[in-house]
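Two complexes come next, and they have one chain in common, chain A, joined by chain B in the first and chain C in the second.
Up next, the complex of A and B:
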């Protein structure tokens, strides 16, 4: 009996019916649904023991004290460390994203060298041999080797600058910042000693002039903690805050008052306040006080200040009255975006604090001892801060300074984050052999010939000593929380090893030993751990603390070493002669608007682009699609025919950029507020090509009298496109 | 004519039954064998040697951490307390010591009761139950049983399905709300 067509159909139907009584359809459907939930690219959790390791995150310039939560040894989240006084349990937006940035797609996988337009991965030994070869050719020839560091507060500068010095090079520069300008003014122009800081915690009235202290200036999280401690919820505020600057920044928004002042007029405004104090009999015991008095009484009268900065005399007088009435007033000056502010503003701010008798007083301006040096060959701190990178690069661009043969860049992005950035990038591009120690493929790394990635901040030994703005000396240690996620090597260890191979003795075998020596020297200075007593309470006499016995052990537990020691001044000056030339703005009719750049840490910093997890914190009036926004007030918008959302071109003397317009009364007339942190051309898909780079339109001028390079108050013209 | 019709009808029924039978055989016997791939553990670990021979207790290796989380299978850190170097003559031990411990690699053990990441299961909350109510008892086992991996879903054959969780919760008057297990 054969199987005919009808029989075959019966067989198939029987098979189908029979299948319904088997697990096949039900199991298949079930497993298929599970399969669709488990695509191979979905990351899997790593289970394991949960732990917390205290360290310092250096994603931001000041550094945040963090407890890194690990699961099975793998970092998963950053939490604030309440036992460390640097940030007191808080976190800035960059350090909050620190763990995520360990796994950023823009991380460099290992040492690489350029081959035409791409990079080829090489071994660390090959990289060291290649660099040693290039460096040997520069030995003893000053000007042939230059280094740029993006870390203002770390001991790694001693290793790198000591190495440079041993090779006969003196061109070692930090990326620009207010800390350097403050040092140049205090230890240079004013003949002072030590590092200037501000005891915010003990002040009862703080006037921020320019410095956006609660958003991005100085040790931001500590500033925020001081602010919140003085404004307890439901209680009477213990301190008042006033912000003076061209934009109602986030600092201004929470202060008791915002005084709009043009960015180029901040020094004149400050000297205008000095006028009232001097008029009321205030004086400072310096040789040039009479010259200073003559200067402010003749050139910074309320009427003249009104002409210079457009501020009503009554407003200025009312402000000076508040300062006079406060028991512990404090003036904190700085650039709105933490760099390029000029010496006149810093000198005027220091003079105002001195006139109020606030030097080395609780709640005042504090002159603190510098960190002890442990690498003998390294640059002294004062000399390090005195060097001006922007001036050096401008001279190189104009052919006034020799172009080095080798440039080494540590954790800095000068191609992106310097004023008139396109011109700066051209100057840097002329250097024949460029080396980057960046963790990420930033704009500078993309231009370099040799990439020697240093581990992420949470994967290495590092430290931070008294970031600019802190009101007490502090030192904290960063230690590796996990092994580097990529084939990275600590730049300090690499340098020490390279030095040894080149027969240069820097006195240490590895960076951990350098930091141990630093801890030992700090221990010899006295000081205490801040978990025993808050340093501001020790300074005011409200608490006392026993001297720290073993700084290294305590630092490894995540404690910050602190000191409230002050430095007495011997031959202080007010710099009156220089101020007379430097402080007054000069109008430029070709470029009628002043740019006020805003640095918001959620968007990024000089050296870090926007972390992917922070993208959702950017408002649609800051970035929409591929366009970033500049902000102007209604009066400025009306004057130039601008409407909300209009696309405009901002043109400065050395560059231009495009943006959309947002109209807001947070910006004073005659000013364009422009965000920093957008317009990256490297990094990753999360940041590349989003918005335009405001650094392009910041133009550098030379401050009369001081020769300081200045780019606050950069001038632009605006046109619809 | 009529005879031919009867033959056709019976032939049709036979074909139908043959189809049913074939489907049942494939569905109940062949399909389960094809669906799961049989895999062996990377190291032939003997519970018998450790539990009986060395008098070790279960929670010497399968313990709760200080924070209450369950350690699950021991890692090199735990195994290395004894097996820093090869102790005996068992090739499985030698393989572990030389290929994993001394190389700093964790053993990729195959987890019989593997649950996906979207299931939040707390061993601590189920401490009152005996381990063997959910896990096979391997305490006397000299050679680990084969691991059967579902070729479609990728899960272990022994992965507990959600209906079993729900049934036990219902029987013990514990909430079966989604968020209890899926955070």
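Up next, the complex of A and C:
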């Protein structure tokens, strides 16, 4: 019996059909689809025991309270910590990518020193010896050592400024921010006491003047939570919000109204509102109220404000009526991008709140006790906030201040993120020996001679004390979630060790004990943990809270210590004489447009460039390829012959930058909205060379009367290229 | 398109009057779902954004101009356009909860589903996922990175649903009716303004069940009949009108 042709075909077809009734082809198809997607270069998941650790992520300026999800001890994701009042379970877009930034390609592997144009890795002992050598040469010579810190709310400033003071140096500066301007105005110009905050949670009408509070100004996530709580879904809003500023920012987009005001006119606008209140009989018990009254009644009448600001008198009157009708109105002033706003605006905002009788009232402007100090040698908080970095660097640039021999920079990027940044970078470059404590290779680190990277904020002890804008005192602890991914050392611990080696006693061996001492001090001040009662409810009398017994233990669990204590004022002034000189904008015809920089946290902050995960959040009307966009309205575009996507050059008195144009009616005529956070020259392939740096075109002027450096309302001209 | 009904329908109500467009939801989504970063993310034809925040304009000139932001996850449609066009049943709506699945190993990358989806909620992997050195240590343990040639989309963080169900079984709670806080997608959890409310649309104990009855609630392109499980809310008329992509001559 042979196999004939027919038999062969039967066998093949029968075999094929028979196979279909077995799992073989399906298993093959399944395997094929799996194996064609299962290449060795596709990252594999790693499993392990899951846990969550509460800490503070300090990617954003205010810090977000987070629970870090760990798998087998590896941090994998940041989640909001609902038990901490600072962010109440929410996250900002920077802190949302906080864990991933532990492995940023820009991260510095360990201590390094410059050798010609490159860096060579050294040991921490070598680094300490090198720095001690340089510092010893400056001991006792004021002006020879300067320090810049980019952390406004951390206790590390006490360690660093204490160390500087012990070496005889007084040049300790913070990167500029509205918190400093507010403090200079309140405790200086206005003769007040304490730190100013805003009880957003209890206000029923909040007028944000300039401050982009729901995007990047102040403690953003807490501001957003306060906004959210007052807008229950599907129900009548419990509070109204109005935004006044040159651009329909993200804050303006969700507010009930947007009042367009030129950036240089914000102070005049605020005084224009004061006019109506004073006219209706409002007064404040201060020595200079009469001069203030004379000032607003003569110089800030609605028609004069219209000339200064371009706002119709009816709009101003309508707004003042809304403020008068509200039960708990609140005015929050600030620069659109959180810095360089000038003292007149802060003083006018404070005066408006005082005229409405909103000082230390629920839903009002709160004067809170200043932070306690644990390192004796450190600068007092008030003195720390009084110092003006931009003024110092400008004086250095112009030869009016001595160039120091050594500069130490902690968590700050002054080469990139200061106004007229090219001039500032040149001034900084003149300093012979520069040290960076940055975690990342930022523009400042790239210019430095010694790099001493501090661990990422999720890998170190750190803290946050009452970031500017918070309406209550609060303290929260950051503790290491994992070991540093690189050979990094906490800058505070490094400094304390270095101090010891140089025979300087700062009173502490390590930073953890500094923070423990802080917790003890706070415990002695009273205060409570906010998981028991919300501080705003305690302030309004809707709840009460028991004093926290062990602040350190609670803080380790991720709770925030809070206090609603207020400071009574003894000799307030309204600063009328200074306001008279300061609040008038001076038009400059050679630069016809005002720049309104926008700080959006998804793009980055003053100290952190865009995390790789955040790039998708940037619209292609903000960044396309290597070009960033500036935004103008149709009227401005028409006036200067600009079309959508046209490449333009913005030229200011101290710098220029290039960008494409996006035409949007979100921007008022005469204003160019320019994004901050682009145009990095250091960092990594995800950010380097993308767009241009808006800080270059921000020009510093000196505010008449106060001498404060101001760079809001910077002027530019625009030309197609 | 077949209409699918379930006892439990997981859904969202996104309050557009609260969304500031900050992008935290997008970042939290990428982190949770192990989406690899891209060097040039300004090329929006290549990016993978399961959650994408659109900017809306009322198209009026200054000063009447208004802006709103619209976060767009997968709509998990009741009558999904993507399911019937898939030649290999890589996407289906066949599980209690009503989440439209995406089974990566089955996907052959034909992209019919992308063409069919009226919400542009589906994305094709043009490239293999590449994480910067060391960043793969931060991969969350339950969502496999997808290779080149595969379509992906928002799954309402389905692995979190699995975990919640497991927890319910372990704690002897009905796996179809557990407390809503046990299962929240990463975007809803991260949202700092609480614009995203998540829950079972059919469950009267869940906030979403109340919110979808609001006169301000609407769904995107409702007249296509896709029956999305994602609702939006806005008190602003123009925002609601744009949600239905009306033409200028049409009445509302």
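Keep in mind that, in the parts below, the second predicted complex is superposed on the first by the 675 of 721 C-alpha atoms of A that agree within 3 Å, B and C clash if a C-alpha of one lies under 4 Å from a C-alpha of the other, contacts with A are read in each partner's own complex, and residues count from 1 in each chain.
The rule is short, and it goes like this: contacts are C-beta pairs under 8 Å (C-beta built on N, C-alpha and C of every residue); 3 or more make two chains touch, one makes a residue touch a chain.
If you're wondering where the values come from, they're calculated on a predicted model, not measured in any experiment.
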item: Contacts of A:34 with chain B and chain C, given as first, second, both or neither; value: both
item: Touched partner set for A:47, first chain B, second chain C, both or neither; value: both
item: Touching partner for A:502 - first (chain B), second (chain C), both, neither; value: neither
item: First, second, both or neither for A:139, with chain B first and chain C second; value: neither
item: Chain B versus chain C as contact partner of A:24, first or second or both or neither; value: first
item: First (chain B), second (chain C), both or neither touched by A:282; value: neither
item: Chain B versus chain C as contact partner of A:16, first or second or both or neither; value: first
item: Which partner, chain B or chain C, touches more chain A residues; value: C
item: Touched partner set for A:104, first chain B, second chain C, both or neither; value: second
item: Common ground on chain A, meaning residues reached by chain C in one complex and by chain B in the other; value: 30, 34, 37-38, 45, 47-48, 50
item: List of chain C residues in touch with chain A within their complex; value: 13, 15, 17-24, 26-28, 30-32, 34-35, 37-44, 47-49, 53, 55, 57, 60-63, 65-69, 104-106, 108, 128-129, 131-147, 149-150, 186, 189-195, 197, 207, 210-211, 214, 216-217, 233
item: Of all residues in chain B, those that touch chain A in their complex; value: 7-8, 11-24, 26-28, 31-32, 35, 65, 67, 69, 71-72, 75, 116-118, 150, 152-155
item: For the chain A and chain C complex, residues of the former touching the latter; value: 30, 33-34, 37-39, 41-43, 45-48, 50, 69, 71, 74-80, 87, 89-93, 96-97, 99-100, 102-105, 214-215, 220-221, 224-225, 227-229, 231, 233-234, 248, 250-254, 258, 260, 485, 600-602, 611-621, 623-625, 633-635, 664-669, 684-686
item: For the chain A and chain B complex, residues of the former touching the latter; value: 1, 3-4, 6-8, 10-19, 21-24, 27-28, 30-32, 34-35, 37-38, 44-45, 47-50
